[in-house]
Every structure is written in C-alpha cells, then in structure tokens.
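Here come two complexes built around chain A, the first alongside chain B, the second alongside chain C.
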Partner chain A sequence: MIPAIQISRQTLVWLFIAQIMVFLPHYSRMPIWLAGLLLVCIVWRVQVYRGHWSYPRRPVKFGLLGLAILFVLLSFPRVLGLEAMVAFLFVAYSLKLLEMYSKRDALVVIYLSLFILMTGFLFDQNILLALYNFITVIVVMTCMIGLNQEKGYVFPLRTFRMSTAMLLQSVPLMVVMFLVLPRLPAFWNVPVQQEGAKTGVSDTMSPGNFVDLTRSDELVMRVTFNGEKPIPQQLYWRGLVFSNFDGRTWRQAEPEQLINRGLGKTVIWYESGSYRFRNDLATMDFEQGERVLDYEVILEETHQPWLFALGVPVPETDGVGLVSDFRLLKQGPVTTRFKYNVYSYPDAVIERDLPQWRRELETAIPEAVNPRSRELATRWYQEAGSDEAYVEKLLDYFNQSFYYTLQPPALGNDSVDEFLFDSQRGFCEHFASSFTFMLRAVEIPARVVAGYQGGEANPYQDYMLVRQYDAHAWTEVWIKDKGWVRYDPTFAVAPERILDGFSRAFEGSEELATTGFGFDDVANLSMFYNLQLQFDRLNYLWARWVLGYDAGKQKSMLEKLLGAYSVARLAMVFLAFSVGFLVLVYLYLLWRERDRTADPAVRLYRRLLKKLSRAGVEIHTSDTPLDIAARSGVANAQELESIMDDFNRLFYQTGRRDRETLDDLSKRVRQWRGRMV
Partner chain B sequence: MARPALVNTLIEQGRSRYKSWIDRRIPPSQQVTLTQKNIFIFPNRHALFYFIVVATLWIAATNYENNLAFGLGFLLIALFVVAILHTFNNMSGLQLSVVHVPTVFAGEYADVEFLLQTREGQNRDSLHIGWHKEHYIHTGLVNTPQQRIKVPVQATRRGWFNPGRITIQTTFPLGIIRSWTHMDMDVRILTYPKPVRFADLQAVKSADGEGEESGTQKGSEEFDSLQDYIPGMSLRQVSWKHAAKGQGLKAREFIDYTESFLWLDWETLPTLGVEERLSTLCYWALESEKSGEVYGLRMPGVEVLPDSGAKHMEQVLTALALYGQSGGEVS
Partner chain C sequence: MQAQLQSVITEVGRVLLGKEEQVKLSLACLLAKGHLLIEDLPGMGKTTLAHALAKVVGLDYQRVQCTSDMLPADILGVSTFNQQDGSFNFHPGPVFTQVLLADEINRTSSKTQSALLEAMEERQVTVEGETRDLPEPFFVIATQNPSDQSGTYRLPESQLDRFLMRIQLGYPDQKYERQLYEGLDPRDQLRQLQAVVNTAELMQIQNQVNSIQATETLLSYVERLVQFTRSNARLAWGLSPRAALAIIRSARAWALIEGRDHVIPEDVQAVFDAVVVHRLRDGADYSQGDRSLGEWILNSVEVVA
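So, the complex of A and B:
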C-alpha cells in the first residue's frame, strides 16, 4: 500500500497542467462538454485542496459518472468506435480527480494520462504531435517525481528540469529499442476510426466534384523514385477507373463486372515470397515494354482503399492488389499513412486483345440521354473514318472552342449536351466526362480515370509531392493494336495545366484569389515557400523513417548492420549495448568519485598508500611517511624509505617545485611493488 | 568491603571506553560514505503497475501497428532504466556520521543524532533513514550540503544497547525503484535500567546507615554555611530568607554525617531477580538524587562511594547499566 500521503500543491498544479495538455490534441474529436467536465473537476479539486469544498459524496459521484456515460453514448454514433473509447477514458480521467485522495490515486491519473496520450497517435502521427506529446510526457513525469518528493523539498521548476533531463537521457535507449526490438504481427483485429472524413478523390464523379479538391493544398502523397524519373507529361497517378455512367455521374464498375474472365478473379494480391502473384500476373494481357520506373509512395490517410500509381503498375508491397483494370487497391482503407512500393511500366501495352465482356462494359451508355451529343458523335465518326482520326477530331474541337475554368456554370441533366453545346467551359472532369461519352456513343471502348496529375519536386530532398489541387480526371481509350491509350482532353484545352502543374497554371490569375485559394500568395513569398518545403522534407523523412519503420525495414536494416538477421545476433547486439552502457556508467562513477585534491604530490602519495594497504600494511591517519616506511615490513623497504624521503622533501620544501622531481617520483611509485617479507 | 580504588578504576574504565568509542566514531574519517559497494537497488512493487501500463501500450502499438505508440512504450522502458541510475545517484556519495548518541532508560526512545552530508551542489531528495519502518525519518538535502537529523530508536535492553544496522533508502525519483543500504554505524546507546519501584527506599534507609565510616560530607542534613548559589544546585538549598531580603540567591551548605549516608544496596533486595534489583536500584538513585540525598551504590563487585549531583548520578546509573556486562564487571 502506498501510504495516504497528501499530494503537494505543486504536484497538484502539475497534474492539472498535464491533464489539460493531454486533452488538447483530442479537442477537435471530443464533444465540448468533455472539456467542461474536465474543468469542473479541476476547479472542484482545487476547492477541495483549499478546504472550501469537500470531496463529492458517493451518490453525487455515481450520478456524475452515469450522466457522463450517457452523454458519451449520445455523443457518438458508434459506441465501440475509437473516439467513444477515448471519450470514456476521458470521463474516468476527469472524474478520478474527485476521488484523488492519495498518492495511489494520483498514480492512476498519471497512468491514464499516458494511455490517452497514446490514443492520440492512433488518430494522428505527425511530427508536431509527437513533439508536443513528448513535452506532455515530461509534464506527466514531473507529477510522478513530485509525488515522491518530501513536502518541504518540492521546488516546481527543479522537478520539471529533472523530469526533462531524465526523459532526454531516455531518448537514446528508446531509439535503440525502436530500431532493434522485434515487432510482432497484430494480435487481433482492432476497430479503426470510421468517422474520419474521407478525403481526396471520391469514388464517383459528377460535375463539380473536383472544385473542392483544387482549392486544397493538402498533401496527398510523397513519392521517391529509385533511378529513372518520369517527365511531367507522364505524371498521371491513376487511382480510380470509372466505367459506369448514368448520364450524369460516373461510377466505378462493381467487382463482379471486373472479374477477369480468364483468371476468375477481380484482384490479384501481392504476397512477398509467393509465386501465385507472379503466376496470376502472367495470365493477364500485359506486355511490359522497355522502361520501368521503381518508386515508393507514402500516401497520407484517405480512409479509402484505392492507391495511386503511374501507368501500368505492379505492386511490391504486401496487402496491395492489382485490379483487372490495372489499378492498385489496398486491403482495407488507408487509415494512417501508408507506404507502398511499385514498379510502373510506362510503355506497357495492356489488353491488346480486348475481351468481349470488357468491350461491353466500357462502351455502355444509357439510352436517351444527351441526344444532341450522340447525334454529333455519329456524324463526326462517319466523317473521320477511323477511331484514331475521330479521337483527334474531338480533341481539336476541344482545343478550338473551349475554356478551362474553375468556375464553370452549373449543368443540368443532359450534362454532356449542355457542356458541349452551351457552356463550353469547365475543367478536367467536364472534359473527361464528355470526351468519354462521345467515344462510347460510337462504341469505342473508353473510360474515365481519376487520380492526380503532376507533382512538385522538393529541392531539399529527392522526392516528389502530390497535393490535392493536383486532382485530375482523364480518359483511356482502347485503340486497336495499341490497347488502352491515355488521352487527356484537358491537355488539348489548357496544356499549361499539364506541363507546369496546377499551381503554376493559375499563377497570378484572379480566379484562384476569388475562390479563396491562397496558396499562390504564399508561394510567391519565396521564403515562406522554402520554409514550407523544408518542413515538408522533415515530414517526409519522419514518415519514411519513423512512421514507415516496420518489421521489413527493421530486418533489412539489421541485415545491413549485422550481416545476417538472427535472434542470436540481435541478442548479442543488445547485450553489447547494455554492457557498453554499464561500462560508461561505471566510468562516470569513477570519474565522479575521483580524487579532487589539487596537489599532484598529495594525490600521488595517496596512491602509494592505497598500494601499501593493499599489500597489507596497516596505515593510520596520524602516520608520517617515514613512520610508515619504518613499520611497513615490506621486502623492498629501502626503496620505500627513499620514496618516502622524497615525499617529505616534496611536502616541506619551500619555493617552486620542479616538475622533474614529481615525474621521477611518480615513476618510482608506479614501479614500486609491495610485497611483505 | 569497600574497594574504592577498584570501583573508581572500573568507572574510569567505563568512561574511557565510552570516550575512546566516541573518539572512534566522531572523527570525519570514520564517516560512512555510500558507494556502489554498499548500495543495493531493485524495483519495488509499484514497478509492476508501471510495467502493466507499458505492456498495454505495447500491445496497443502492436495491434494498431503504430510506431509512435511503440515509441512511447519504449520511452517508458528507457525511462525506467534511467530512473535506476537516478535512484542510485540519489544515494551514492552520501555521507552519514554519528554526531551524538544520547543515554536513555531502557524502553525509552533514543534520538541518535546524525550528520548527513553530500558534496556542494548535489541535491538528495526523499531519503528515509531509520532502524524501524515505523520510525523512518523522511529527509533530504536540497540546496544545502549538510543537515543534522535525529533518528529515534527504542533501547529495549539496558547496557550498551546496539540498535543494529540502520537502513537508508530512497525510491526517488519515480517511486518504482528502491535503493537501500543497511549500515552498521556502530551506535551503542548507554541504556540505564528501567526505573521501577519493586521495593521501598525507606525500608532500606532504616536498615542501613549505621556508621561504617565517620567524617563529614556535603549533604542535606545539617546546616553548615552559606555561599553563592550556582545554577544546578538544588533549589532546596536556596536560603529563601536571604532571597526575600533582596540579598540575592544564597545556597545553604549542609553537612551530612556519615551515618546518614544512603547505601543503595544490592543485598537488601534478596527476593528479586537481577533485572528487578537493578530497576529498583535505579529508581532509588533517581529518587535520592531528586530529594538531594547523599547516596552510594553497592553491588557485588561494584561500589560507588556516596555523593550527590548530576555527575554522581551518571556514575551510579552507568554502573547499574553495565552491571554484569563486559566492561562493567570486576575481573
């Protein structure tokens, strides 16, 4: 039992600070009344400390608890969700203050703090939160130290300094453990938060969808290329393929529609060390072509399962699959930053022989919508004479009479008709949608692809940033003997959008300013822009080396370090670290307890006395050097006497001591061996 | 029967023993310095809770594959290791020396005074020092390099009472690791017998007192002369008449005749056991001193000549304390 020692005032204050600090990162996720509850409990506890109020009675406590639980149940739609769990923890955390009588209760609050701190990482893992939480841990540990200080000796800042020092001293060991301690696979499936807003490209496309995205400079992903890098025109990050059109909205095909009839599967999943993936891949209609791009993507959380990759990707990460329309998919949504490796084949030819089921899927359009467009399509197709000529004719048409704008007029039910014949202004999704429709109208297989286009290189680090405003939609057309070919009608209208990237295409234009999009203003101030890039670089390194450090990376790092990965070697490394650490501590202790006497002669004399006493000579504090020599009874007493004589001379001589005498004596002391007769 | 020379020698011997012992303890060279050689360290029960928290964090981190949660867990483990060093450091280099050992009656608590020292600039927090858990002194050295502390211990037996090894311990800073040492400070508390009245003094007085020796001695019986009062003299000696006249405090000197000596004699208590006799003699000595009597002590092999005053009482009590123990007996 911890004796019921009253908690000191300083510790109590630190505890309140810790609680508020623990709460703040969760502020946006938690209902406001929880903050209120915490504050009420803090005020109550302060009043108890001051002797104004008393601890609540049992019925009051249980009443509060019941009410709080009811509120949590009402506040969260999913009671078993992570947010609700954290809210329950907070309720316990706040109410515990009202029965914090002793050191033991304070410990419960401290341990709960650490828990809630950890749950913050399940929602967000950015570098700032990590730093913030490190400071919070310092404050929490300040409380823990304060609990163990005697009442009269608590100096709040000294305690805080001590806590800071201790945690900073812990960091090296933490890093070693982080790097070498083996990671186990998850024990059971855990609920991930579902309420998180889905961001990025959505799974349907209807007019106006993309406008919101283009206003956001939020980061989508960071890409690191190993070896060859693509040119800007090739940076089409495919994410979704829209095959179903109802006249207004494009949707992805259902999984059943996409079953590879030869293989009997929609998706083939990558599995390291298994041949099944390679075998399945071999059966797909896929000619690799010459070039290959090798890269790693760190995708920010999207809460969606789709992954983005350059044209004709093959995944290299477990849990990532290749869908029959050659896009990547993750098993389960991306709820935290997700890192995956991809090989892309930009020259690859896919589906040179288009199967009938696919042709039917990619040419389907509803009857009786957009009649004017259909009519135009039929006429032009006849005029053009071939599929490719028809495509060129369409692109020419877009180039001549259309405008690229982020503020297009609203469109009605026959959206393609209205766009092509009336408004003639719009952006990627309008162009891609109507272009694809015009192709399908004459039974040319075509589909809309959504994802991101472009990306900005970070000059401080060798990687590329893709942001939300890079969101884009384009078209893939099946051409005889060429397979699926990418056509970007937006390029025909506004080529600078593709060549220079989105933000530069709109640089200086009024359009972005009026849409409330302020990134350009910032970008123009190059210092801010550089700082932003620097910070992003830090974030990138954080994501790549800290958040992305998994069992695989650990293994490869240890293999590089140790030659081969084995438990025995790992244990050796750990042992070596521990022994090295203890040796350092021992050396420090020796150094701390060293002889601090300034006079080197005295230090030397003490060394000799130590030697003598080890040899068995009894020494009393009152003994003079010659006493000892006379009484010692050692074998080489004569030499000892002569040494003692010299010591006497050194101790009692006046004036400056010359260095040589001391050096000479030091040598003789070192050489002297004590041996009893 | 009287062997004054011998008794005096004995008492001298006891004294010198005590003195040499004091001399041996108090010089700073005899201080105990805590180092890695005499400090033990081990996690205590509260470390279990700490590790339950760490284990839970680790399980959550594994399940959510969350590297920052792993980081937090590892940070706490590392902190534990660092705390071991800090806890050790809180004790290491600490110096403890005995300053004063009081004399007490058996059964009483002796407040043994120690000097706790550390190097200038080093803080020591939350040290618990004591012989028994219930009587640990909670102290520390914060912003001061030294401090005197009094550690109570119950002297249960008369004689040179050795309270055994003293415990110095700390769980600072985290409270989950205990660092401790048991030092034999060679504290020996001169413990007088517990004063208990098993028999009446009066009876003994009447049974004794027939002049064995003649002569006079300062006492309380017969008025002899008047002298200046010295603080420490019995208030019974003050001549209040003179004081009332404003002549200052004068002490009346009395003369006792030998026949009124009081022998506190072992032989007068034949029915009691050794310890009961000593307790009774102790009680009588205190009473006699209180009432200003001149008294002597006779025990087998020990005799303290009649006298009075604080110094005399100390002699008598010491002789009682050490009766039958090595150093207190006649060879």
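So, the complex of A and C:
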C-alpha cells in the first residue's frame, strides 16, 4: 500500500510529542513496557517517513498486537479493571502509528489522543493535571492544524502559536458553557478502587491499626467554616462509632442493632426541599444547645461511605444521612472527592433518656476476657461511688502511669489486660479501647469513636486541612442527665497531642524518625512547607469551585445572578452577554481604527469620502480628489466638483491653508448631501 | 513656454503617431534632466522617438548602435598619436553630443554599458587621465530589447536605477497604424521636422522644473508609496531614496508640461509606472486584476491620508 499523501514532517513530530505527552501522566499506572512499545512505534514510523523502513506487513502487525494484548493480560491482575482498559487503549494508540498511511489515519490518532487524555481524569482530578492536559490539548490541536496545512509549510512553532491562540480564544466560551450548560451527573460508573489503596480509618479497630495512618501525611479533607470556628480541643471529627467488642477488635454495630426504635429507621437521609428529613430529625433525641457551627467539607476519596463531622451534625447535602448514633453516612462509597455541608451543634445534649436497647448495645462486653481489668473496674467503681467520679479516677490513672508512644508493643488476646497492667504504653486506640472496656465492665454505657482530631489551618486561605496522621480514637460515655459525653483518655496522657495537633506534638522527637515518619523533617523547611500550603490552597479552590460545581451549585449561582432560574431568563441573559461582548469588541475595533491623522484637512476629506461612499459613489484607493469629482455621478456634481477643487488646492498648493478656508470647506462638507443621479 | 512645450509634443507626435503619453513622458524625462530607457520590440519606433525629440528641441543628436564586440572607447573616444607634432589627439566619441541614442544597449558587454552609464551619471568622461565635460544638456535615450530575446546582456539593477524613466511604446492603435501606412515614410518626415525651441530656452525650462511646488500632502503621498514598496512581501526589495527623488522630480516636470505651478497626485500617478517599475522586481502574478505592477502599487495606497 502506497500512501496517497505523505503526512508532513512537522505534523509527525508534533504527533509524537503529543503521544508522549498523553502517555506521561499515566506513566506511574502503566507497565514500563508500554512506554517501550510507544517508543518502538515512533522510531519505526520515523524510519518509514525517512524511507528507510517500510510499514509492517499484516502478519507482523497481528503478531505485535497479540503480543501486546498478552502482555496487558499478564501485567494487570484485574483484566476488567480501569488500568487494564487504559493499557489496551495505549496499545492500540501506539500500534496505530504503524498503519498511519493517510490523513484519515492521523486523524484517528489525534482523536484517540484526546480520548486517552480524558481517561487521566478517571484517576486524578487535581489542578496540575488539568493544566497539563490543557497544554497537551494545545499540542494535539497543533497536529490537527499541521495536518491541514500546505505541504511546504514548515514553521512548526508558528503552528503551535496558532493552536495556542485558538485554544486561548476559546477559553471564555468554555467558561460560559461550564457555568451555564446543564451539569449532568456521570452516566457511567467506573470502578476506580485501586489495588492496595490506603483507605484511611477502617471499619474495625484493633490494636495497631492507627499507627500506620500516622505515617501518612495524605490529605483527608478540607473544611471551610462559615462564621464561628471551633477551638482545637473541640475539633473531634467523628466518623465511625464502634459499639461491638470481641475482646480484641472493636467493630461498628450492625444496622439492625442501630434501628431507632421510635422511628423504625437506622439512617435518616437528607433530601433538599423535603419535610421528611426535618420530621425525622425531630424524633431524634438531642437538645441543640447554644452554638451552631456551619461548615463545608471536601472529603478526598476514601472508597468508604463514612463522612466526618463535628459533634451532633445535621447534614445539608443530598445523599448524606444521619445515623441513629449521630454520625454521618453517604449513600454509596466516596469514590471521588465529595463535598458536603453540615451544621454542627457542639453543645448539644444527646439522648438524655437512654433507651434500653441502646444501653444494652453500649454496655455489652464478651464474657471471660480481660479478667484482671474487670476485677479492677469493679473495685474502683465501688471506691468511686458515682459514674463521674469513676471516670475521673480512670483518667487520673491513665495520666499517672501511662505514656503515649507511636511504637507500642504488640498485644495478645487479652489486649486490655496486657495494656493496663503490663505494657502501659500505647497509642490513642489503646487508651480509647481499654478506657471504654473499663466503663462497660461496670455497665456504664460507653463506645469508641474513631475519626480525626485537629487539623491545621491554611494561613493563605480560610480553611482547615485534615490529614491522615490526624486519625484518632476516643470514647463517648453516657452520663446521667448529661447524655453522651466525650472523654479522650489520650488527652489525659498526652494533652499536647490534642492541643497542638499531632505533628507538632512529635516535633523533633526520635520516635517519629524511627517510625519512618518523614513529613515533619520536610515540614521544618518552612519555605517548602509554605509552598505546599499555597499549592494545597490552589487545589482546594479548584476542588471547591470547579470540581465541586454541580447542578445544585449551578442552580444557586444562576439564581443569584438571574433572580429566579428559568431557561428563558437564562437564554436572555446569555444573549445579552453575548451581544454586550460583541458590542465591546465592535467599540474596541472602532477605537483602534479611529482616524488618527493629525491634519484636520485630511480628516475632513476622509469624512467627505465616507459620505460619498455611503451615497453609493464607488471610490478606489488610487482616486485623487479630482478623479472622484470627475466621475462621481452624483446629482449635485457641480458642488462636489467645487469642493474637490478646493481640496485639491488646499492639499497641493502652498499658501492655501488658513483657518477660514478650512472652516468654509468644513461647512460645505457638512452641508453636502450625496444623492446619486 | 507652455505653448512651446505643447508644440514639441505635437511636432514629435506627427512622426510618432498616437503615442502622446510616451512623448510626454520622454519630454518630462528630458526636462527633469534624467535619462530615458525605452524597452520594446524592434521596429516599434524607439529610434524615431529619440530622433524626433532631439530634432524638435534643437539638440545635437548622435546614435550608437551597441553590439556585443563594442568597447568603451567606441563610445567615449580615443586619443591617437600624431606623428607630425608628436602629440596625442583626442577624437571624441559619439557620447560628446546633447542627445545620445544608445540603441540596443543590452546587446553590448557590461564593460561598455558601464562606461556609458558612468558618463550618464557624471556628465563627464575621463579618457586617459583627462576629464572632459559632456555638453549641456545631456540626454541619453537608450533602447533595449526585451531581455528574453537572444544576444542580450541584462542591465543590472544598479544601472537600471540610473535611468529616470523606462517606457514602453507598444503597438500603435489601429487607427494610427493605418495613418502610418497611408502617410509618408517616417524618415522623410523626420527630415522635415523643425526645432521649436533652442538650447537656451530648453535649459531655462529645465531650470523651471525645480520651482514647481510640491506640498507636504503630496510628499507624504510619495512617501507612503515608497514605504509601501518596502514593506510588501510581493516585492523583492523596496524603492531607494534616489527612486523617491526621481518620482518627485518627474512629477514636477509633468506638472510643468501640464501647465501647472504645483504638483497634484495625478502627476505622480502619471509618471509613476515609468519611474518606478524598472527599479523593482515583481514577485507575484497579476491575479488581482491590476494591469501592471505600478498600477497595483497605486491601487494599494491611499492618495490622501
């Protein structure tokens, strides 16, 4: 097969650059041999262009394809996974080069480039990738322009500049369409769960879980407060409530264990504009208290349904529900960044009257585990006399004899006994777990709550960052007349952990270094740290305003802009803006083309010419005043001739320029009315 | 004076039928103290024009037929040794005249071309170390065959630039051609021509050209025309300042012939093609509908701006 039209050199080069640029963001996800395949195909195609090699024959092509598919199958454990599919696309994308005979084939490669580019967003949506992809689109468009340029056109940079200019010019349109076009929810659902991904706080808690988390500085969520902000001691982001204990591991209660007996439901789901949620909420047993915190959370993907919020949260986002133990839940796992709004009542009193079913749930402990602890609990409870005194005594005990460490020794089956009596060293989960156990041992309702504690404020933007190393576990205890009260035994042991935040508490300590925790070392370089915060701020704004711009936000924005939202109104505003914009452009062009001649006589003459051409007189560039007068064909030709004679004299005879002549001429030009015969 | 110029044109027109514009351009060229290049096919009346013009303005006339084996001395003159008194006698060449017709200048070698062109520029001749002034006025009319004809040496651009104007005669109109067939032999007619001005009058008229007014507005028109040729991609290069001066001088002469004491854009346009086109190289076709390069430039530049 002989190609009808050889694809030009500049297009080829741009195409190769585009392909490599398309590949780069996927580099970490794709096996290395894919890069090799792409390079081989590029080299082959270059040799074809230079006339050294020929296009591969059919058997070779099929052989390569088969081999590549085999490699894909071998490289990915989940063949139907997203990564494998993208890899397949890449294989086709690279091999297509080997049969890129004509313009049409090059177009296929160009369109594929755009498609593969978009697949990058399935894995990541941060602002850097968006910018990078924008540049890649420019390069891809350069190929497209190059493909349609004349054969001999060899100014690749000029083509690139053209493409850049065109895409930049399209940005305003893009913005308008982004703002105005209906925001459709994704109509496909891609299983994005990556193998071995970190998932943050897990749904069970046994000794040692949290330590891994503290080694990660990965972002969990960003929180923006509207109005009042809480103080650090109040920043307990509740995510999971563990009610079931088997002696070693804490688990969440099963949904049926948590059914609100009065309501018959475990979860009440927020639905905007529905009264049901309000009604259901009214049946939940809590007194709001004085203060209200209003905030917005952008949660990174966790692949789990729990959402994190401060004490007694009331959700304000569709698809978010309030569970009967006052934590938030999302319908379906959080597979992409998820934004939700919450009102929290930090002073609320929860379940002043504890229902019996709940009391049973929150006091259950397995028989015959941790016998020493049970015995101690019974003794101390008797000594203390009241629930609250007992709690204080326990906290005192932790405060005196225990210390907080990131390297706790491993514990066996009677984990509470071992911790309380032998090791006495531990991490938040050890404290929370044994504290709760000690309470339950004397039938005081108590439960472990897991989530995050603290968070750092970004000084460049008014929001708060919560990272994985802020993961924490604490205890909630039901006290008569006070309802559920939060007690943090870790606070008793290491108050600085709570007051200063995690990373500060361990600043410079050897423990961090030996646990392999590197973030703090880097964070000490404050410039880097500031840069990181700045960048995070950018990403936050991106997530909040661009990724988070959904149908609801669009509607509220449009309502704010238009007063009330309707398609007709939208169309009118859109039209008005477009017309306004065009008028501005027109005015600008007028201004740019305005008569800048200093000579008033010339300006006057030009005015006359404009009048003439409006009257229908054909005027050529090379026409002199006398030419125009001679063949104007207007009705009052005599007057025109006389005016033109005057102009001729004014322009071409010396000593004819005086104020009077000019004024007179100006008057005659103004009075002159053109009309064709 | 105006009448004299008009009668020059009529008289020449009697021999060269229907070529009034070319005659006027030639006269303008003479008045502007330039030299004229006539480019056309053989037999179109180049020589007749030169001869008639010389006769009518009462100037000496010499003619050189350029050939490929011609040497500079054949034009400038030679010194010969006089055995009797043992001295050198200079025999002036044909260049020592008032009107020189250098026929088929592009047939001679570049060396001879240069000698002639130098004489045109300097208005003096240096032979064997002695400089001799050429008579006043000195007007060279060179003719050349279209450069694609055989046996031609193209005049280089630098030398084309020495000619104030280049004109083409073209075939006569049908009407005049018939008159030509019916009338007398042009050579007989030439013999009958009478001078209508004498040398002194001619030189006086030549000096008047400089006093023709050219206003700022007009000069700015010329300036824009020149600028345009310098910035347009269609042209290999733009017009030189010498060319700009040539336009102005020619336009003045034209205005004088038209009987005005000031230049108007029409004058510039009338001489433009003749003054400018041989100094430029056109890089494009005439798909725009313009008949010539000069017209295209004129059509691209506003007259008043």
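Going forward, the second predicted complex is superposed on the first by the 548 of 677 C-alpha atoms of A that agree within 3 Å, B and C clash if a C-alpha of one lies under 4 Å from a C-alpha of the other, contacts with A are read in each partner's own complex, and residues count from 1 in each chain.
What we mean here is this: contacts are C-beta pairs under 8 Å (C-beta built on N, C-alpha and C of every residue); 3 or more make two chains touch, one makes a residue touch a chain.
If you're wondering where the values come from, they're calculated on a predicted model, not measured in any experiment.
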| item | value |
| --- | --- |
| First (chain B), second (chain C), both or neither touched by A:Q169 | first |
| First (chain B), second (chain C), both or neither touched by A:F121 | first |
| Partner chain in contact with A:F651 - chain B first, chain C second, else both or neither | second |
| Which superposed partner A:H52 touches (first chain B, second chain C, both, neither) | neither |
| Greater residue coverage of chain A in the superposed arrangement, chain B or chain C | B |
| Which of chain B and chain C A:R592 touches, first, second, both or neither | first |
| Touching partner for A:R606 - first (chain B), second (chain C), both, neither | second |
| Partner chain(s) touched by A:F155 [first = chain B, second = chain C, both, neither] | first |
| Contacts of A:R614 with chain B and chain C, given as first, second, both or neither | neither |
| Chain B and chain C footprints on chain A, overlapping residues | 621 |
| Chain B partner contacts - residues on chain A that touch it in the complex | 2, 103, 107, 111, 114-115, 117-118, 121-122, 125, 130, 133-134, 137, 141, 144-145, 147-150, 153, 155, 158, 162, 166-167, 169-174, 177-178, 181, 183-188, 190, 192, 336, 546-550, 585-586, 589, 592-593, 621 |
| Touching residues on chain A, where the partner in the complex is chain C | 597, 599, 601-602, 605-606, 620-627, 647-648, 651-654 |
| List of chain B residues in touch with chain A within their complex | 29, 35-36, 46, 49-50, 53, 56-57, 59-72, 74-79, 81-83, 85-86, 92-93, 123, 125-126, 138-140, 142, 171-175 |
| Interface residues, chain C side, partner chain A - complex | 213, 215, 217-218, 262-266, 269, 295, 298-305 |
